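Sharing a structure here in structure tokens format.
Chain naming follows the written order as A, B and C, and within any one chain the residues start at number 1.
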Amino acid sequence: MDWGCFVIEFLQVIIYGIVLGCIISLGAIGVSLIFGILRFAHFAHGDMMSLGAYFGLVGVVSLQLPMYAVFPLAMGATALVAAALDRSIYRWLRSSTPIIMLISSVGAALMLRSAIQVVWGPDNKIYEAGIKLPYIFYGLRIKPDQLNIIFGTAVLVVLLHLFLHKTRMGKAMRALSDNMDLAQVTGINTERVIFWTWMIAAAMAAAGGIFLGIDTRLNPIMGWRILLPVFAAAIAGGIGNLYGAVLGGLLIGIVQELSTMVISPAYKPAVAFAIMVLMLVFRPTGILGGKE
Amino acid sequence: MSLLQVDDIYGGYGNADILHGVSMHIEPQEIVSIIGPNGAGKSTVMKAVFGLLKVRQGRILFNNKDITRRRPDQIVHLGICYVPQEFNVFPSLTVHENLEMGAFIRKDSYSEQLDHVYELFPPLKDKRGQSAGHLSGGQRQMVAIGRALMLNPSLLLLDEPSAGLSPLFIEQIFERVLEINKSGVGILMVEQNAKQALSFSHRGYILSMGGNRFEDSAENLLNNREVAEMFLGG
Amino acid sequence: MELAGLLTYFIFFLTVAGIYAVLSLGLNVQWGFTGQINIGVAAFFAIGAYSSAIVTTEASPFHLGGFELPFLLGILAAMFASGFLAFLVGLVTLKLRGDYLAIASIGIAEIIRLFLKNEGWLTNGVRGIPAIPKPLSGLTESGDALLFLLVILAFVFVIYMALERLYQSPWVRVLRAIRVNEDAVQAAGKNVLRFRLEAFVLGSVIMGVGGGLYAHFTTFISPSAFDPMFGTFLVWVMLIAGGSGNNKGALLGAVIIWGVWSGTEIFTSRLPEMWVTRASAIRIFLVGALLEFILIFRPQGLLPEKPPKTPGTARSEKSGVSPAAGRADT
């Protein structure tokens, strides 16, 4: 292979990595937010992404809505499910240890996934049939969908940034993440802030799920399969750190795709795992630093 | 009518009591210091007042209203604010955001109160955009006290406001506390720097082993030889 | 005829419950005793099953094999392989905090799953390994299933008795102390990492035995048999329902939850036609709901942990009464 071809292929793989990284980031943001405030690893987060993707399917196929309308709808619906999950399950376990919360989130993951299977069936589904021609720049191919994923993620991250820094509730979320006890002493209604945290985390997850569905296909296990890279991204970025989660997502996405140039693509998830373990062993606070 | 009245309270964190019958009262616009050796239950009394631990027996009245066993978020609404000894700012929030969080439960405009706090602590005004985690210890203490003032409380609980500060900063903080008091806020304060604290307090309580030992005007306590020998370091 | 059918079903039921009991006892060493969260039980289960299958089957062009070792050596191979995997995994991950171990363990399970699926030379990939010998078969005319059940029960009994003995030992006392307050154990000069590693390996070895027994029971294994639902979550629900930290609880949980799981089949088989295809999803949903119910209303399980009474530990027991509620975040 000559050098020109290699560089083109390399850049092409990077593009795929960025697309995958965007999807992972949207999941990792939620995992990071929830960990920052409630101090437990939320194992049902991948399945929340699946749920968002399937709510998107309802919008696209059943309601025949355009994509830009599908997003707020699916994100809102997923947020409501997350809020309901918190009210019905997690809230009752708040005073127990993070480990018990973690196990209960594994149970919640099972429930979400099987509910998806009951409602939509176990088969693969797609939003739209047909192949869209990619744009080609200097030999690099990029599909319109992929551009939308990158652009859409950027918009959502900017919106989230504004929410966290410009609104009262957003600032309170950061305050809780810093110090829950102090927030309580200050008189902040922590339960309400936690409620909002779930809604935001789930909405981000839903968007990530729809993007994942656009990029690949929908099936009930899609979210569980991406959970490992999502956790890896949140850890790599420094758990509790929003921008770290985005960077971590991009890192995991790009390295996963690059690894396919060297090893069998079947082992992509192993790469996420390897990065995660390396980070945990050598730099547990993540790239940008996070919480213990 | 006392601002705060603590009647013979017993309580602690788990099953074992730390407080064995503590009583005290604070009149409106008073500065009252609680001093005593380590482990006497000084901070514990304050936490009990603020609803942070279980009061097993006795009662606590604020403006003649029973607040025993109320939660902190309810107590805040009544006009008591609390500044913990450690971890008392939100480190990743800016100074300004910290103060905003102090006013979180206020539905009305609080810009006047914000100006008041910046007036009280001029160094904060220049640092308003900085993360509180990057401030010096003294400035952090200013943020913590400023945050607590945002609700315009009638009683301020300060848990060792001088802990870990250099003498220069201690003086500054105590000066501010005096000024806050002059603006009409009652202050209950736990202090290790007993002499210095008593020097600007109206009254003081000396606790030991979870119970009252002495109570008197600050002046009398400072002049009491037994107190001086045992609790004020000679 | 009816009765014979019922008996066959009963033997089948107990056999599977027995295999689950082994897994559940293994998890009890990790979670119940030590507080380690292994969400990759399926990986050790699968490694055990494949190891035993590979060393006991006849030569085949489709996968590694041809050693034709006897059943018991197969189980030994299963123990060794899953223990070795646990050792490697443990060396890297046991230094980490509890929730990181949980995350790492799903990674390990995923990698093992991919490995079994993709390394066809070893495992025949998704087509699986058939013709795994069943011990004691052909000795009697129609009693194969019953004899095998006895084999399983013998394994359950031996493992249970061994763990009960172990539970009284200073070794487990240290593990329990690590669970409640790791720093104190460290301060007492104990090598916490080593104790954790030993517990993790022991638990995984027991899970490997469960895998080996499973392989010889079904005589055919493929990667799909070890999906996280059956290989991991059901085991967790069993242990938590039965009582984390209590070996009897692990046994009871295995029987009851396998009973519930089988029972839901009776329920879902009565559903209208269009729902039948989704029956297994409904059952999984119910298991998830059951887990939440237990965690909220009876976190200590049916048979709560009963720490042995020894004078030296009388005080520390107080802080760890309920294994679930008092569990320290390690």
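Definition applied: a contact is a pair of C-beta atoms (placed from the backbone, for glycine too) under 8 Å apart; a residue touches a chain by one contact, two chains touch by 3 or more.
Quick caveat: nothing in here was measured; it's all calculated off a predicted structure.
Sorting all chain pairs by how many C-beta pairs they have in contact places A-C at the top.
Chain centroids computed from C-alpha atoms place A closest to the centre of all protein C-alpha atoms shown. For the pair subunit A and subunit C, the distance between mean C-alpha positions equals 31 Å.
Averaged C-alpha coordinates give centres for subunit B and subunit C that are 54 Å from one another. Averaged C-alpha coordinates put the centre of subunit A at 43 Å from the centre of subunit B. Contact with two or more other chains is made by no residue of subunit C.
Those residues of subunit B that touch subunit A in the shared complex are 50, 52, 72-73, 76-77, 82, 84, 87-93, 97, 100-102, 104-105, 147, 151.
Touching subunit A in their complex are the following residues of subunit C: 35, 37, 39, 92-93, 95-96, 98-100, 102-104, 106-108, 110-111, 114, 117-118, 228-229, 233, 236-237, 240, 277-278, 281-285, 287-289, 291-292, 295-296, 299, 324-325, 327-330. The part of subunit A that touches subunit B in the complex is made up of residues 168, 171-172, 174-175, 177-179, 181-190. Taken in their complex, subunit A has these residues touching subunit C: 40-41, 43, 89, 92-93, 96-100, 102-104, 106-111, 113-115, 117-118, 121-122, 220, 224, 227-228, 231-232, 235, 264, 266-267, 269-270, 272-273, 276-277, 280-281, 284.
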